[in-house]
């Protein structure tokens, strides 16, 4: 396929993944955005800013270069674009980023806590706790808020020596979740999982205030059942 | 458009906004009402009292003057009309008022607490905490309950020096939420946001009993990303 | 109408009210039943026992006399029939009884607590707290469980000097809610309200552990806005 | 019917029961599986591993012998097959096993607690608390994880002297629920009940931290209303 065809396919995938967000209950009103990158052709496709999902069309998807400068489309891109761009630069193996204000993940982000790996539902997707960034400083917020949001995520992964493929999501303190994946569909699925395990984790603590994270050997077992060379879940 | 056409348009908007309430899950049975005002033609349009949503027709919408006296329609207006009238008198820049018993907002109203601004989902719509009124006195309830409900909201905004455009909603102690906006659609959306952030806030406190409101600079950033001359969210 | 026609109308109303239960989310599987009484013709119509809602037909409704003896129909009546019969005998002004295992009401029944009147949503339907019965004794359970369930409800109302019209529902300790009303539709609506206020009340206590019931004058105001000679809510 | 016809019927029932899981809200994405056994013809039918529910066809169901070796079908069976096989070997009277990650049951599994019998909704299906297994050891997880998951369930039932027909489900510590029954439909229904009573139980404890299990005589009454020779619920 030529560049135009590839971008056309990206637009379709990004459009459909955006529509999936309200359908699966991760997004109310216009609170969410999905993007996809193709590094070889130098293109990012992202949802336009603040357009109601019911009115959005596939041709409204905005195309930018790898720096986030709009190169195609008449609409403004999602205001969170700069965060996506930073993540694509730092995490070279991810092809799609999703941001939502999904309720349960936001609760943990507002609480400023990483989500412990309390069970195998968590371990099937996230290899260890889902981290929460530090609060952004006044200077960071005023200078370049969305870009700095990306940077604090990257800082969190660097400091905790996390692999973004093994931990495909994060909580931004006081804000909400970002997830990512190899495709828009997969990045949305990781957002579904993140919200579900956030919900499970908060009530787990209510049911047993002394609850413990699962042991490392069970975390390993479940994560590697589904990921990597030794995976045996699914049809591949 | 002449007065009759303008009122006809108002009726349609108010009718559709009322139907939106049960559809988005803010209202069960007949627990909610939406109104719209046009100060220039001296008209308020509001839902009739206690009519099931499934049976309600656009022509059932009741038209009153700016004092709340019915001038058109055979049905009784919502019993909360007097509250709407007070809010329209005091808050001259709002064009629509919505009242519901949406679950999560009611929980905070019953708890008698303002909702702290724990995150950006809150700050995107409410510039600071969502206030909760004091309890009405016996005299106020017996004298003119619905009118006094409006007055205690106005008192709460005056005492806390709040701008009703920057804080488009309130909790009435022991009762429930009122929200408002420039259009019925927008006032309902503010009701959706209020219920969602109420839900998020209560579990935020369960997850971290020492959780903190977001810093003012982040509140400013998110609120002014979407509102005022420096807004850059959306397509305008 | 003759007796046959009246019973036919009762069957339709009872059938439709039973179908409403899963539709509004009060019932899973076969956990619920609705009945209606016509004391003049000496007939009670009730749902058959354990029939899946999807397969149930209007002609499956069971007709009994005022003692609960089946007089028409080939199916067994709901196993809770004896509870309904006791309530109809003691509460002479109610025409329909509904029993469900609706989640939030059951939580309070299992906790063994009456639901305090924390707000106007509660006061619009229940004039004061929703009572919870004592635990049944071993003897009562073994002797005539369903009949004794009715008796302990009646005992609870007598001891607390409650009017079943002003308190159209109850929690049976360790079991779940019964509600009633003038029609099957109204009894189901009271079940909807009871479950909703149960949900609101539990989180109200989580949000503010020192929350208070609303003052009597507000309880009076809201209850009598909707009920009795001075009611002004609705179109009558 | 001959073997081929019997297996064909099993495939249909297993397929339909699997589709029921997301429909009733017990399963997100591909997190669940249902199987059925016919010991006489030596066949187990189970869902294929990791296939999206929307794409799954009845002919994708995998057939194995009683040891779990695939004998028919081109797809890999659910990775949890070995757990099902162990349960079928030890619990000779069950014909179907269901595994999900339903939210409320998982919360208790993650909390590592058995669910107390707080009410009759629980007692109608589970004759006593729903047990939770111990944590699997490192050796067990590494040796034969899914088989050992079955074994720890069996160990839990043996140690607590539980009858799998009277306690048709279990929580695996840090993982989630397994339920079973005489048919796939019944095993799914037991999964619905388990998730519902898990939800009820956690909030029961929030509403009353000193809540008590129902007395044995009430547990007996409700369980034997629906089960065994003295049952009188339903139409049989």
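Going in written order, the chains are labelled A, B, C and D, and every chain counts its residues from 1.
By definition in this document, contacts are C-beta pairs under 8 Å (C-beta built on N, C-alpha and C of every residue); 3 or more make two chains touch, one makes a residue touch a chain.
Fair warning: this is a prediction, and the values are worked out from it, not measured in the lab.
Visitor: Subunit D and subunit A are one sequence twice: same or different residues at the contact, by the over-half rule?
Guide: Since fewer than half of the residue numbers are used by both chains, the interface counts as different.
Visitor: Sort the other chains by how far their Cα centres are from that of subunit B and give me the top one.
Guide: Following the centroid criterion, the farthest chain would be D.
Visitor: How many angstrom between the C-alpha centroids of subunit C and subunit A?
Guide: Computed value for the inter-centroid distance: 46 Å.
Visitor: Between subunit B and subunit C, what is the gap in Å from one C-alpha centre to the other?
Guide: 33
Visitor: Give the residues of subunit B touching no fewer than two other chains, as numbers and ranges.
Guide: 206 - these are the residues of subunit B that touch more than one other chain.
Visitor: Which chain pairs here would you call touching?
Guide: Result of the pairwise touch check is A-B, A-D, B-C, C-D.
Visitor: Which of the residues in subunit B end up touching subunit C in this complex?
Guide: Counting only subunit B, the residues touching subunit C are 28-29, 31, 48-51, 75-76, 79, 101, 103-104, 106-113, 135-136, 138, 141-142, 145, 174-176, 202, 205-206.
Visitor: Can you list the subunit C residues touching subunit B in their complex?
Guide: Against subunit B, the touching part of subunit C is residues 118-121, 124, 189, 192-193, 196, 199-201, 203-204, 206-208, 211-212, 214-215, 217-218, 221, 225, 232-235.
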